[in-house]
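See below for the structure under consideration.
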């Protein structure tokens, strides 16, 4: 796990890349002018906003990250169909439930990514990060954290927990090397 | 051909959006209602935006991909909105339907 | 630089306000005070210079952004608007100076807000564009809201709340009126509007009429014309007196706007809509005078008294506006300047008197003797004589002039008796108030808690205002020439249109 | 064909919006209403995108973008209010 | 469409005015907000309604009237500033006067009596 | 030139005497007297010319455009009055030197007296009627100051106010009359007016004018029923009374009658009004005087009576009556002034003026008594004294008049009765004070006054005697000159003489004297009768009527300005409803000729959402949280409507503003109660519904009428020039930053001021922060949910980039500094919500006030920049540059202006929200019940 980049002027490389792309996307243009501007912005904005970011683990394995992203997107698409079916189907048959997924992740950003993934994938919505403490201390794992999830149609609790942990949490831990 | 693709994407997107809203109306408790809008609508939007992207790329000069950005924002924010809403629902001690399992997993007073 | 003079009365206060927000003025109160006074004097001098330029070169039209009317916004500096800009700047000096004695430190941003208020008022006076008028109205209103709460206690929170809400509704009405007028006339420059109004046909006439009448509502609210005057007494009486003194000019903005709108846009040349608001203005003005007079008699403290005198002066002015003759307008111009200075002086006096009377403050009851009875007594006498309209001060000339000007108006037989009775009531009310405050002492007036002497800065401010009355009387000759000149130009429709739409050539 | 499809989708979105407002009106709880409003924001994006497509102009794109960004902020603010009362603490 | 538009404006005006006439600050603030929506729509419509004619040069053969749009923009901003002020003033009023009544107190039938009470309370 | 100096000198005297505070009393008196003495000498030097029939004039231009000049004239009438004013004035000043106690401020009295003298001189010498009024009112003011000289006494204050109220009221009537007069004649010049008798009397306004002028004269000269102020003015020091009520103040009214006699007299209306008023006053005053126990009271009513006499004379339709009137003016001035002074001595020496206590003064001050008795005899009309002569003339003229037709005999009879009453009260004055046994309970032991205090009385009494014995020798010239001025042109032959032989007037005099003595001796019965009359106290009536009026006004004001905002608003809405609604009914057809746009389904749905949102906001307005959600729907739909109707910029602005507003309202909701109580009655709700429905209908009708009509506007210009002249293709934005950039400058000022004002409002704000929500739930403990915190951090750079994007494209495509600013602000607000204000404060140390100021400065200086190119403020500049590799870019000053806008918006928005947020963070949270 690494929290700082090698370059002071590039505190958040992924963010900078994202910003670079976003600028080009916004302007629908890859003209030289916009590329120059995009580069400048991609450097200036992260620097300017760096006080407003708490240190988070860097992505160590970008390739894996992209693969994971695609996987999540795929899951979103396929599983949403299922939700649509659940919604359109008879509601009486649904068996909703709350489950707690134990977390191995200890930093807020990876947890956020995991929670978002869970929320976007079918049948589950992240509800809480438990237990609640006065201040969330990044990287601290002395106390076991859980993710409280509401499931629209809960069939097998343990299976779902395993799926989440293996399918979504494990790759994240690998991406961030934590 | 592109017209077909656009049409299909539009219809799919529209359907998902509609399904999300149906879920909002149809589901018996707040926690179940949350699922439709959070997911189906987001996906529906993505489909619609893709349709728009193709539409503008073909009808107007040059590629138009900025619609991706809206999808990106939605993907970023929808889970957090859902999270905040479910938090406030728990705080408000909203009743979930009886057959909901694992209610004891909810911790009080957060 | 001289060719940009027209914009100075507007731009200088804005600059002043922002300078006062920035270091070093933002930090040190001493620097802020000096800077504020100096800047307000500069604004006044610039306004005065503009006035002289207008006297020499005639009406100045300044096209902001080099976009001439009717497309861009133009500032129109004619004798009337520059006179009022000068008056505003003068009040600005007085206000800033007076507050330097310590009032400015009772809340934040006093000095910048005063300059912002002057900006708004001057903008409203000088602009030739209807929507820009709205913008400056809002500038002066928002500044006034903030100033109203300056150094405020619980009492004026309520007044401020009501004042703000009333004016927000007023602004909504203003926008609707502008929407209608634009929707019918397709233009925003007031001179251009005037031209277009004359060409209206069919049902469009009535739509424009609604627009015009709604503007009347707005101006009546700002000017405190019956029945929209109700906010004023409380607002002015609870505001810090120096702020109320500055506010003396704000009702005049309403009156001024009526003058502009109902002599230019809906004036002689407006065809079917010509003078459409005249009879409304007339009767409302009379009712306002009556109401203000009742208020004067009923006033239990000096600030309320001054506030009600403001209402009477508004009624009087609007009655003159309603007559819509050059003579009446010139009387109105003279009276406007006079009444602004005098009522402002009365607010200040109420404050100074109140400070020297301990708990009794400015209530019109027996109280402890003042620390400086002679100084304040003489000032009150002067202000009182001026406001009553007795010789030898400016009020008497105003009174003679306005009676003379209304002599041949319709329904003079209502106005004259009413006005004369009101004058009598004011005479009794003010003399009773003065006699009670200065001469009627409590038997056991031993404790003098709130006694403080007049600060030199306050004195200078007071003298500036008070000296207006004798000076305006002494120089009534040239002033009357000026007023008549200003009024003549105000009513010279074709000349105005030509000048404004051709950019002052 | 596209025009017809757009019209159909318009109808779908319109229907969604009506469903949303129905939920907004009947509640029953405040979070329910917030959810309804949040959904409405997102459905409005769809509406605006469709307007853009039906008129063939991309001028309204930014409006959609801003709703996506800002609708979130108001939802968060309202939820924070329910949770803590004080939203900026 | 024009009729529908005008009706919407009318409804907004009605609702706004009704809320403004309530006795507590919060509904009044809502009413003012509502009224400003109505006014903005009204002012906007003074350039007439037009579909797909955004006043961006080169995007369509005909353009909507850009002037009212600019005016409404100004009006929105000013309205926002005013709303912000009145909201804070309402908070201030509640804190100062102990009530969120627009008159700062709950008025009885007899206003005279009440004024006196009010005074006593403040001295 | 000399003419001007006469009033000027006395004004100078006023100023000089006010500065003599440090000098001794004698020096002060001497200096004060100097000026009027010089003036008197000047007047004397002018007298021969006037006697020879010349009218001396002097005019200085003052307000020529209003016809108001400084114009003086000296004719016979004026000369007579100038002599009286200066002469008696000098004597009074001298007398006051001894009268005032050491506690009283002498400079003050002298300054007021001299001011008063100036005013009187001004009245009598005016040749411009507005100037006349000027001095007329000046007498009211200066007499107010004089009467209230002893302001610590309640009766002095009240007397002064009463005098001011009555004479001031009369003054207003006079002003009206004079203005009408001036309008009839076409000039305010007295010369012209006096020559325009025929025009005036033929004019339709004559009656009104006459009545108004007479009102002025009658109030000033204390004619019945306006007399009552005069006795109360006796609260003034006696020198003041001696001056005001003998020769000056009250005579001003008489002077006015005499002055306008040539122009206004001669009609039946004049004769009836003037003579009957005079007659009533004559009788009334004489009657009341008899019963006054206060010496000054007696003199006051006697003054009223004598003024009535003079008025009656001026109202008689014979020319000699006017001559008699003028003669009596002189005589009354002399004997009344001396009587007042004598009273002052008695008061001064004994400490009382009550005739019931004062008895037998002859023994203590025989010399003063003699003087007083002579003067009183003159007042009674005893032969060998001046009073006798003018009374003879008066009796004679009452016999010559034909005023009341067949009832004309009544006047001489009543005049004789009045004469008898005068004799009776004069007798009482003499007998009750100087004889009639021993004094009772005098506060002081009486003795003769200081020698010089008697000098003025001696002079005046001597005059009474000399005039009474040698009338031709002393007053002939001046009387003729004055009469000439009053009657105008031909003055009938008259002969003032002591002896006219046995005739009817002599008989009347005899009857009066006998009757008077009889009355006095039998006064017991008269007193009993008088005591049985209802006691009408004018002062009480005046006070109580003022009280009643004041209370009435206070009640009305309380009832109208009841502090209820709802009432004020309803009034405004009703006015709007009326003004906007009424012309609608005049329209022949509401809809216009424009082609209507068809309705489509989704628009209908949007509109219905908007309406539902609005209506539900109203329905749920008590549950504030829900109504807030409902109004958000409206805001959203308004933005959608803007996109639908081709206004992308508006949609963007509306959306961003909407979010900030919601955040703001959420903040407000925390500090305000969560629910509105139910307090409006159903009738009230019904009324409100009616008004709001009415307004809705009216506004939508207007809206419909507008948008169904074709429009020709100036906008084509903007469309045509946006690119070429403004350098941008987004016309709305070009209007905002260029064509109408001035509006935007004002708008950012509004925003900045609002932020300043808000932070001002928040200073020392005693907050009430609930510890739980409206349903009693305590707040959640988690302040900053971690998921929200981390996603907000990620959104900030994105949002900033979007805001930069929106900013940059604004000139050419929808966007601009304002929207960009709001987006930036909202991105930061999200940080505030997610992390709290302390967290931000640690990381962002910029002062928002400075950001606002810099924003405005940038915008302002961008505008000013164009001055350096010789262009007006805010003239924009733009150009296209071809930069290698990057391509063509546009640089425009409007962009810099927009930067200013951006900064102001960011600064203001954050200042508003953050300062409120900061406040709660620092305040302790307490449980306060709501």
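Letters A, B, C, D, E and F name the chains as they come in the text, with residue numbers starting at 1 for each one.
What we mean here is this: a residue touches a chain if its C-beta (ideal position, glycine included) is under 8 Å from a C-beta of that chain, and two chains touch if they have at least 3 such contacts.
Keep in mind that what you see is a predicted model, and the values were worked out from it rather than measured.
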Farthest chain relative to chain F (centres taken as mean CA coordinates): A
Chain pair showing more contacts of the two, C-F and B-F: C-F
Innermost chain, taking as reference the mean of every protein Cα atom displayed: C
Centroid spacing, where centroids are CA-atom means, of chain B and chain D in whole angstrom: 10
Approximate Å spacing (C-alpha centroids) for the pair chain D, chain F: 61
Separation of chain A from chain B, taking each centre as the mean of its C-alpha atoms, in whole Å: 17
Chain centre separation (chain A, chain E; CA means) in Å: 42
Chain E residues counted as touching two or more neighbouring chains: 20, 25, 38, 40, 42, 45-48, 51-52, 54, 56, 67, 71, 74, 78-79, 81-82, 85, 89-90, 92, 96, 102-103
Residues of chain C touching at least two other chains: 131, 135, 138, 142, 145-146, 149, 158, 161-162, 165, 169, 176, 179-180, 182-183, 188
Shared-contact residues (touching 2 or more other chains) in chain A: 22, 26-27, 112, 115-116, 126, 132
Chains touching one another, given as label pairs in label order: A-B, A-F, B-D, B-F, C-E, C-F, D-E, D-F, E-F
List of chain A residues in touch with chain F within their complex: 15, 18-19, 22-23, 26-27, 31-33, 36, 41, 45-46, 48-49, 51-54, 56, 108-109, 111-112, 115-116, 126, 129, 132, 136
Contact footprint of chain A on chain B as seen in their complex: 15-16, 19-20, 22-23, 26-29, 31-32, 34-36, 38-40, 42-43, 62-66, 68-69, 72, 75-76, 78-80, 82-83, 86-87, 90, 96-97, 99-103, 105-107, 110
Residues on chain B engaged by chain D in the complex (per definition of touch): 3, 6-7, 10-11, 13-15, 17-18, 20-22, 24-25, 30, 33-34, 37, 41-42, 44-45, 48-49, 51-52, 55-56, 59-60, 64, 66-67, 69-70, 73-74, 77-78, 80-81, 84-89, 91-92, 94
Of chain C, residues touching chain F in the complex: 1, 3-4, 7, 11, 14-15, 17-18, 21-23, 26, 62-67, 70-73, 107-109, 112-113, 116, 119-120, 123, 131-132, 135-136, 138-139, 142-143, 145-146, 149-150, 158, 161-162, 165-166, 169-170, 173, 176, 179-180, 182-184, 186-188, 192, 202-204, 206-207, 209-210, 213-214, 216-217, 220-221, 227-228, 230-231, 233-234, 291, 294-295, 297-298, 300, 385, 388, 390-392, 396-397, 399-401, 403-404, 407, 416, 420, 423-424, 427-428, 431-432, 435-436, 438-441, 476-477, 480-481, 484
Chain F-touching residues of chain B, taken from the complex the two chains share: 73, 76-77, 79-80, 83-84, 87, 91-93, 109-110
